[in-house]
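Each structure below is given as structure tokens.
First chain A sits with chain B, and in the next complex the same chain sits with chain C.
Coming up: the complex of A and B.
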């Protein structure tokens, strides 16, 4: 077995373990929350469900079974990639998730691209320039410390409600995505720009930069070809964090901009204790994290030859 | 080769290779650019915060003009829903949307009067248990199925079927026993006991009549199919519901301002939970109407030209604070009345809602039938000296170092669980005001934050609370039975959260629900209102108001007895 395949096999096993762990934690978490799930399934606090209705629900969802039995059934289904059926929506969880996945992915992916681009451009332009660096750093700190929610409201007020450039309601095209993208991208760009700039500055101070200069390399070449590669490692590491930040931000942004998507699904599922949907989304998020982290580890090997040499 | 010389010179001088664009010759330019970005940011903040103040350019054409057919009206609403089946859902949004898709058997035309709708006439048997409805002829559902007695039976059976998992509708017609199709257009409904609120229950959208063909489909393929002025097109979850005109509509309810098909081509409900977003969407013209105008923006909207603000007081139970009379210090009526007298409701409501909500002095809203204006004389209204006197009398004489009253070494503490997910209309702020005022007379109010599960099981069912706040809109005085009859505790699917257990009140509300004599009912309901205020089971806070914001272009929107906007006669002007 070639080393790379062995490495990938180990990662796969690890991913499965992570999935099992998150699914179990989600199961335990939803059962530990106090309260009778039947009541919640019946429509929550405002509902006036009769005792017969509650009994029907308990029978239908197997809530009478002892917990270990419920857990075994749950894991058994999960192995067959069956996430079950939503309590509230009477639809398979996979349908619910897939329906909303597109909206969330286009939001998160666009914001990620924008955030990374912004961070890179800012860092490349200001690294090693104290005055410009100080000013951008101040702006970045503003972006980092302003909550998504507030950025969203401000952008909406200015560009949608006052200037009418980007309508948020009644239009689903890319124009409706611009403001949510910016809202999500700004805090990420703020953090990543700082890390990238620091990495670049450290690399620019290294002897190899001097060597490159002495060989007659242009400033562009030094920054893009030599320094950036060195600065890339911490940025890659932080990408995992940025992904988490995006997932959390999506919930807020979808609320403020009245967009549909997984964030809204999760919020209403958690509120309604729609256990199958919550578990489904949690497992999906864990899978996404695992896949992206594996991808990042592969990228390390491309960027940094030393990792390639290290024991597999 | 003079490499060394060369490099030595270079280290002392500034680097000369500056061809690269990234290393700008004039860092000043960069700094200026960044400064400009900062200024732009500041401008955004300014523009955004005054957004909506911008006077609308279109003039409010006051000339009524003739109604115009066509156009789509977009109505932004707060909240979302999990099912469009009115028999299943309890959410207010579902009732609002379904009202346009489904017609009811009867229409509520006043606080206590009903007119024909899908049923052109009806008879009630002498014992009050059998209702015979004669249906209108020639009505068809959106899918072409004709309206028959069988369809009515199918709809009602669907509601009470436990498999439907009805969260609300079934509780409205609890005495329903069976329905029987006497002929094609005559249906006979039998109840297990006389129940006068039955007609009112039938008039709400949650008991709208559905196409039997649509109900026969599996739950996962459910589509709402009714006989209403608009038919269902699509539901994008958490985003919008789209309806289109039903061109063959003829079954207008009694008292409708417009006959025949609706003027609007389409009707779209957008779910926008964020208040600021919804309000901005209206003032910027992205939607034509919004529900739930934030009270803080209401005056501003009224002043804007090109917009109108419509206020509707909701009938039924006001937003009230219920005092659990079975637990702790509140078992003593003197302590309950002292709490009631310690809170200056009037002032709190005025300062929080800017005069848009009215402080209440009765558990019933003034727009409900059988509302008794005289009952408020029994209310222990704001009087801190009286509150202090009552507490002294009840034995809570001493005060501890924090200023709270103590008796036998125990502090006078009341638990009022805060269910954050159910919070709206700044009710949390109002609660803080009540907390602060109760403290002045020495009563401590604890507000533990609880999630839905704990709120239901530990508090509502388990009874682990002293105070609970809730409102319940329904245009019938029968809500008093829902809120105060001993058999209607939350565990039994009722709203008696004060856990009142009074044979007298039970007798009054039961008699009022069964009698066919309106005078007896009125007397009974008045007695209940007086008694619950006298016993201070309830502290009325305010009458919820629907603040609907409309663009000046929207004409002809009316409101039904339930205060739902009716779009049947609505049209879009220039």
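Coming up: the complex of A and C.
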């Protein structure tokens, strides 16, 4: 087996292990919190279901079985990619998730693109230029240290209520996405811009930069063709973190802007003890994390040839 | 006589730093013609690199460059704008930096790096770019250029990397080639090849500005030499005359400090070290001839002999500090018990592709008490691996190391710990082996038992290695290279070891500092009775310090014996080749480049770095 295939096989095994781990933790977590699932399924604690109805539900959902049996059934379904049915919505979890996935992905992906672009442009323009660097650094610190929801509220106040440039709430098209994108992107851009600038500045101080200059290369060429690639390495390392920030931020931003999406689904599922939905979203998030991180590691090997030679 | 290509007259470069202005270059004047080689020689901090970079407009941020004349091919460089500078760089002036591992972009293929000047100056089309690069790589003697083109810098050996860097510098056929320490950190045989490549460019009509700290290296190539000290040219003139009869005391000291592989071993204990003076002659604090006039007034550059200029009140005053031959190599007590017994050491490493490589192959030697044994070899010869096994950093696959006749290798670390202090290491780069936040005092004290008189012991040790107690509170970053190495030696001596393993202890130092450290090691061996296991790639250095030498190649010891015997009458072919490649300072006409057929690169140089 070639080294790359062996490496990928190991990553796949690792991904499966991570998925099993998160699913198990979600299972354990939902069993540890107080509250009877049968009540939830029957329509919540306030629904006043009769004991007979609750008994039927327990039998139907296998809640009488001992925990190990329930766990085995749960894992068995998961292996067949069956996430079960939502207690609250009486729909398959996969349907619930897929319905909302689009909105969340467009929010997160747009914010990621915006955040990375902003960071890159800022860093490229200000690296090695002390005065411009100091100014943008101050702005970046503001962006990093301001909580998501507050950025969102400020943007809404300024651009929706005062200036009426963007709709306050609602789903109507890309115009409604602009403010949520910015809200999500700013903190990520703040951190990534600092890391990128530091990487660029370190690369610009290296002897190979002097060599490139001595060949008559322009400043743009040195930054884009040489230094940027070096700066990309730490940025790649932090991209995994940025992804986590995005997922966490989605929940907040969807609430602030009253948008549909997975974040909202998770919030109501956790509140309503909707165990299958929570598990489904958690497993999906873990899968996304694993796949993207594997992709990032592959990208690392593309950017840095020295890593390719190292033991896999 | 042709018009000079480069004319520098009265060049001064100042840097504004937090600690006030630094005068890096003061009143330097140079000329260089096409097809000639001018060598600028000086120690680190002498301003030689700054002078060279001024010709590229790359003196650095915050550099204040002033000159009466600064011209290249008739153009006044002082008036160039950013765009005009870029048109000059690479196209008219090529620049080769030292250490190609960091001077080539590690994330770019060799082909891309070599092609960059062609692309930048629009000298190649997409179709013939690769052909041109292959041609350039072949021209500098890189075998299999079609393959190397696609490789990355870390996949090439040091010699091939340096050649690739030269190929990129000459890609656009510049009229001036500046080579800044192009052979530092290369093995002697590889060094000779790289110098040949440069000589070929000179013979093809390119003007060559060679920057070096090593007079022996430039002696082979240079038509003219300028000696720089503290930013001032203290002496310049035709290479042959200047090297045969140095007029400035500093030049004389530099020449004396170059470790040679033949002739008498000079006694260099007279070399002084002191920072350059700000007033008067900068060399006065180190000069054996200095008097009050030297300390008060900087001498003018005055004509001396034929075509030479010397900045000294007493030109040609004395062959400074070379009072004859060193007394015979210290005598080792006869039939002394060996401190270290090494038998049949073998060590194999796994390569990334899964194959095994034998780094050390059946190596045996004894080290007697108070003896200095040199291990010499090129990179990849296994000399450092041998040292690391002796230090018990890792275990040999076969063979054994005995310390005072008792097992040393093959033990559990627990059983070795009590005797760990018997063997100490002096490394090539002490800066990376010191905690940068420690003071000098803490660095040395760390190696001493916690007793009441620890402070006194530290001061005593520093005195032993010739350091002023005033530096106790300094941190490693604030020390010069020579001071750092002295601190490293003091720390190694602290536990009173029987054996000092010195792994390339002077290869990162200027020649005069190197000579001082070697003198120190020789003295410590005599006074403290410590044995030295001295690893070096430099034959001259080995000869300066050692009684016996073992020559290593591909993990094997190919020759061993008394230093004088081995150097005078080498038996192994490899030892003879090594000795022949050592650069020598000999009077006489310059050596023409060897025929420029891409010469076969020796097998040792074809392997990737280890």
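Descriptive notes on the structure:
FYI, the second predicted complex is superposed on the first by the 299 of 312 C-alpha atoms of A that agree within 3 Å, B and C clash if a C-alpha of one lies under 4 Å from a C-alpha of the other, contacts with A are read in each partner's own complex, and residues count from 1 in each chain.
The definition used in the following text is that contacts are C-beta pairs under 8 Å (C-beta built on N, C-alpha and C of every residue); 3 or more make two chains touch, one makes a residue touch a chain.
Please read all numbers here as calculations on a predicted model, not as lab measurements.
In the superposition on chain A, contact of A:218 is made with both chain B and chain C.
Of the two partner chains placed around the shared chain by superposition, chain B is the only one that A:155 touches, whereas chain C remains out of contact.
When both complexes are overlaid on chain A, the residue A:145 reaches neither chain B nor chain C.
After overlaying the two complexes on the shared chain, residue contacts for A:89 are found with chain B alone; chain C is out of touch. In the superposition on chain A, contact of A:305 is made with chain C only, not with chain B. One of chain B and chain C touches more residues of chain A, and that partner is B. Using the contact criterion defined above for the overlaid structures, shared-chain residue A:229 touches chain C, although it does not reach chain B.
Contacts of chain A with chain B, set against its contacts with chain C after fitting on chain A, overlap at residues 213-214, 216, 218, 221.
Listing the residues of chain C that touch chain A in their complex gives 56, 58, 86-91, 93-95, 97, 99, 102-108, 113, 116-117, 120-121, 152, 154-155, 165, 168-169, 172, 352. On the chain B side of its complex with chain A, the touching residues are 7, 15, 17-23, 27, 30-31, 34-35, 37-38, 41, 43-45, 47-52, 54, 74, 76, 80, 82-83, 88-91, 162-163, 165-168, 170-171, 174, 219-220, 222, 236-239, 268, 270-274, 276-278, 280-281, 283-287, 419, 421-422, 451-458, 460-461, 492-495.
Contact residues on chain A toward chain B in their complex (touch as defined above): 33-37, 39-53, 55-57, 88-91, 96, 99-100, 124-126, 129, 131-132, 135-136, 139, 142, 153-164, 167-170, 213-214, 216, 218-221, 223-224, 255-261, 264-265, 268, 271-273. Within the complex formed with chain C, the chain A residues making contact are 206-208, 210-218, 221, 226, 229-230, 303-306, 309-311.
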